[in-house]
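As structure tokens, the structure follows; a few thoughts come after it.
Chains here go by letter, A, B, C and D, matching the order in which they are written, and residues are numbered from 1 within each.
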Amino acid sequence: MSNIELKRVCVVLVDRANYGRMHTVMRAIQEDDSLKLVTVCAGTMLLERFGQAEKVVEKDGFNVDGKVYLEVEGSIPVTMAKSIGLGIIEFSTEFQRLQPDIVLLIGDRYEALAAAIAAAYMNIPIAHIQGGEVSGSIDESARHAITKFAHIHFAATERSANFIKRMGEKKDFVFNVGCPSGDYILQLDTDLPDDLFNKAGVGADISPNKPFFLVIFHPVTTDYGSEREQTEELLSALNELAHPTVWIWPNIDAGSEGIAKAIRVFREHHDSSWLHLIKNLDPITFQKCLKKTACAIGNSSSFIRDSTFSGTPVILIGKRQIGREHGENLVSVAPFKDEIISAINNQIQYGRYPVSSLYGDGNASKYIVEKLKEFKPYSQKILHYALE
Amino acid sequence: MSNIELKRVCVVLVDRANYGRMHTVMRAIQEDDSLKLVTVCAGTMLLERFGQAEKVVEKDGFNVDGKVYLEVEGSIPVTMAKSIGLGIIEFSTEFQRLQPDIVLLIGDRYEALAAAIAAAYMNIPIAHIQGGEVSGSIDESARHAITKFAHIHFAATERSANFIKRMGEKKDFVFNVGCPSGDYILQLDTDLPDDLFNKAGVGADISPNKPFFLVIFHPVTTDYGSEREQTEELLSALNELAHPTVWIWPNIDAGSEGIAKAIRVFREHHDSSWLHLIKNLDPITFQKCLKKTACAIGNSSSFIRDSTFSGTPVILIGKRQIGREHGENLVSVAPFKDEIISAINNQIQYGRYPVSSLYGDGNASKYIVEKLKEFKPYSQKILHYALE
Amino acid sequence: MSNIELKRVCVVLVDRANYGRMHTVMRAIQEDDSLKLVTVCAGTMLLERFGQAEKVVEKDGFNVDGKVYLEVEGSIPVTMAKSIGLGIIEFSTEFQRLQPDIVLLIGDRYEALAAAIAAAYMNIPIAHIQGGEVSGSIDESARHAITKFAHIHFAATERSANFIKRMGEKKDFVFNVGCPSGDYILQLDTDLPDDLFNKAGVGADISPNKPFFLVIFHPVTTDYGSEREQTEELLSALNELAHPTVWIWPNIDAGSEGIAKAIRVFREHHDSSWLHLIKNLDPITFQKCLKKTACAIGNSSSFIRDSTFSGTPVILIGKRQIGREHGENLVSVAPFKDEIISAINNQIQYGRYPVSSLYGDGNASKYIVEKLKEFKPYSQKILHYALE
Amino acid sequence: MSNIELKRVCVVLVDRANYGRMHTVMRAIQEDDSLKLVTVCAGTMLLERFGQAEKVVEKDGFNVDGKVYLEVEGSIPVTMAKSIGLGIIEFSTEFQRLQPDIVLLIGDRYEALAAAIAAAYMNIPIAHIQGGEVSGSIDESARHAITKFAHIHFAATERSANFIKRMGEKKDFVFNVGCPSGDYILQLDTDLPDDLFNKAGVGADISPNKPFFLVIFHPVTTDYGSEREQTEELLSALNELAHPTVWIWPNIDAGSEGIAKAIRVFREHHDSSWLHLIKNLDPITFQKCLKKTACAIGNSSSFIRDSTFSGTPVILIGKRQIGREHGENLVSVAPFKDEIISAINNQIQYGRYPVSSLYGDGNASKYIVEKLKEFKPYSQKILHYALE
């Protein structure tokens, strides 16, 4: 089969978590005879201070066909908006050049929204992974807006697939395939070198092969201004427990500076011999850590979804993931010291949970590629209620 | 009551049609004691070649508090995308400066989408007029995406209000208020000076006080590339009828150059003594013309909605408004010469239709202001299905 | 010689006049064994309403390797500034992708300034044609700013070359090569079809094979706001003479709407049976017309430079070209009706002037390619005074 | 005198060093009866990770009338270019809103270039401080380009004033006023709290009241890629001396990530008990430290200029300031360990130098305000050679 006839699928990756979820899908596209993988790395994927995950992409044997620098510095609401604007300007140039038949996006970040808008206005069909989920932060609105621009939907749960259909999307284009991160987490061992954390980041001497907590705490953009106080509560709780803790710096959303500041000030004024700070981990290592940690604490969506494949106990703090489906392994608390301490103690006592199939059976990539192959590209969408 | 306590409502106007619909709402806000009107003009509102409707705004006694230049020239898909990007960058600056409590948007244009995204990521609540409607073109997707960013919804029909709720918006924030253009069209006389058309635009000598056709034909962005041929079909049909026809140039969407070219080429090669071309009419005059025309022909959403208040016979051509609710006064045809001719002849024979209340009772402005006053601003949205 | 070793020269074309001047240089690069021509079309080159000169480029057998849409609509000072901003954002993406060894620019337009800044900050050496000239409008400042970013200079006159050196550029990188438009104008015949003008544009029936005036009148950005009145004076003068006149619409600079409006209003209120308006002519045809016209009237820099190769009588109006070197064939007047009429009458009486070698001997392309081949790329410039 | 008649001078501040130099000028403008100070903070002035100097501006009693977020993250050549583009888009909006009569800029940074271009194309006269100097990096080109856009020039040395005139600027608009930083450095005491450094930044315990080295090392953009190796040489040299050293993180230019990485890697692999790292110091404190340090080491332009007012020994490393005028107190070395060590030892042995008047007599602010008051704003520049 000649190159000319291949369906060009442009995968857009906007942060390390995107790649963590998408690499099995990318591999499956790459290995398929009728699809051609085109990869665009954007946003924090390209930034040194977020670990430049684009390099992992290349090391894993994927070409990076386009790079989109779009982050306007500031990490405040107005610069987050401007980053979207710059992103649309830049993505449209890349799509013009790369001429994809389909743009494949995941999730709900503003960078993905920018890519979706560029593609939609250029009449390029959009495939969207993980629509229909529910959460807090502006991501909640962005996710559903992307759904309204997308032409084929790969939901990660049954509920999400139903929600997408209820929003007026045509049934024939909505599929519950599970979360693609399950495709490799289920098989993943948890072998990790003792010096993993110590070689990266700063702070306490912690081995991944002894019990440790894993923390990620992102800002809630719709609650901008409250992040510092919430982080202080979390730090107080952890300080009281003083259990070895690996904390990964937050993403670039508005409010992240407040979180960073709370951590830096805390370290100046407290003995933080239990705390190790890390900029980022490559996707596989991160998943191994999540599989291995005694308890994952914070508000990353990864903690909710990916932990279902390993039964890791999770403490979800605050409103960032409000309404998102989760397994039994997750306990929600408000961002107050005492609640956090009590919840952690309970989770530790309980220990590991059984694996759940809420987010799929580990075949998402296969299902996605099948559907992409069958998919007949179209531009004009219509709210399906009007056709009933 | 001191100024400090006024709720600042920022009305965003992105084209002449926006203002035609919004001026009664703006007046009602301006006259209310607890609201403060802030006006931002954007996009083609500011451009000479689209008639610089911002000047009408000022002449009508409204301040223009912000101006957003965002149109990247080209009128092709990629420049339409880039215009959105530039728009978000610029709207965010204006909102930062003007500090509105609510941003009030109407419709589904890309410029309005840009404003919605800027506001949403800056945690400014969005009020949206005319969500829940259905149409063709990329506007269909943009409209529903704006709904997913909006915090309070002013639908123009019962069906639209229902559709918005079905998409997962909270019932308490969805109101069927009717289309605000009805607020003045119902009362409008049709007195027009004989030389109205001749003083503006170019072409045939036509009086608004003798029977004339009114044409607006916009591109369908999702069908980019087909616009020239469709326009040629329409021109052929009208040429055969050779009835005095006033044609208003299309908007700035991708494809508008193709329509313009079709018209220019037609005029070079045909006797077009029946055709008068106009760049734009001020909103009131336009509505008088729509009330008075023997038949409105084309695909403007205004023809669908506003004609219900006057019973004007309408021929809707092509897919740009597919699925949109309309009155009995409208007949849909495909963009083929013979179909168009036959439909026009039928409409002319039938004559004027009775006024319909499909798009409201002429009190939309009043309802909108009432709801805006009661509205308690909030940032965090959540897909309502998750709360059931 | 393998492709790898070719020096990649990226020619940036930002308007029809650029291409008129550059096509012989492009051909010479294309035909050279050690250089690789890369072409980026930008700005009005891509726009339908300016005649989409990119299509001529392709018809002439050059690839268009990159397209930069950058014009923010408005044609007012603030949108001209924003267009530069957007241009830098876009040019940097293209240069990143195309990886030129040298960027070759011509002239003083804001679009060229945008390209120069993008290249300079990306450490790509810049070759600049037509630096060191003097004129009015913001172009005067932009031209010298480009000189301060450029690494090799191809001046069109001896004086310009001297001025560049006096500004502190290193002698070894400054060459007087003449204006490349001379390379083909000197050989050009003036065969033109009778219906040339009538087939394009609107207005009076004029043959290029009978005496006609040729008019181009651009705004002077630094005198923004005065352009309408000046245009009215010019129109009055021409109206009194009532000689067949072909007028080419102005460029996109701030103020062009004022000129356009003056023309449109004039046509509504006067018998303009002497006036034919044209959007644009392809470069070769334009030069034939300039060679053939009884008198060229206005303020295009082309009238000053290119007319020296043909001895065409020129009337230069206003301050747009103040200080620019010109041949004896040019008479300067202030933008007042009586002065203009009197100057035109004198020029007509005088008739054609002898050809001048002020702007070179018709070998500019050859010289430029020679120097580009020898040029050893470098990034770091230094004001040469400091090395004396 | 009523507000209406005040000349509005818009000071643009783009980094902490700008403000260090400009605050005395700002105060003088603020205190003058016929001038109105308008302040725009841009670029790293607004960024947390560069110390958010805008807050110092406000604490010092100045209004921040406009904020321009423009830094596109990446600190590589292509993002530096894009930042300029975004800057022009944003500055033009601010200038449109603030309507200054004069824009007052300092120096040669890309952010200042963006402001200059926005102002120039909007016909706002530009006053430029510190033109005519010579250095390495792209700043060298940017500085002279700004000169070509500026309408009145405040040079800091006699040589610079002469260079500006030689570049073709009109003598009547070029003034040697000295560097405004001298206006307060000459009077400055060197009282500093013992815990100054320890309270900020990380690393060794160092008192400003015992001998210490002060280091700033910025990338040379035109030598992009070499910065890491050069930083390693500098670190090796300092490590060998192991003298208490306060190192301030570099600016945001392309290459700064390479410098930061060299420092971070060094700290991981060496005992760096002599090294204290600081994000930034407020301008006054910084100048006290520069006055007090045993030796200033690196390539900040501040080290060259400001040290002349205090006689501080300086080691200038590499090509970033090549060609810039300096006092006897400065010794230049290439970025090699041994050269650096030897030069430091020599400087320490020599000790403090006498104060020099090379960069003025401490009355720059007074002179600048006088000239701004007399200045008759104009738009159209012309290369002065053409008028000779």
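FYI, a residue touches a chain if its C-beta (ideal position, glycine included) is under 8 Å from a C-beta of that chain, and two chains touch if they have at least 3 such contacts.
Small disclaimer: the values here were computed from a predicted structure and weren't measured.
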Query raised in the report: If you take the chains that touch subunit A and keep only those that also touch subunit B, what is left?
Result: C, D
Report summary line: Quick note, more Cb pairs in contact for B-D or A-D? It is A-D
Requested in this report: Please compute the C-alpha centroid of subunit A, do the same for subunit D, then give the distance between them in whole Å.
Outcome: 40
Report task. Please work out the Cα centroid separation of subunit B and subunit D, and write it as a whole number of Å. Result -> 51
**Report entry** Junction residues of subunit D - those touching two or more other chains
**Finding:** 78, 82, 86, 89-90, 93, 96
Query raised in the report: In their shared complex, at which residues does subunit C touch subunit A?
Result: 67, 86, 89-90, 93, 96-97
Query - In the complex with subunit D, residue positions of subunit C that touch it - result: 77-78, 80-82, 84-93, 95-96, 110, 113-114, 117-118, 120-123, 134, 136-138, 140-141, 144-145, 147-149, 163, 166-168, 221-224, 254, 319, 322-323, 379-383, 385-387
Report task. Would you pull the subunit D residues touching subunit A in the complex into a rising list? Result -> 46-49, 69-75, 78-79, 82, 86, 257, 260-261
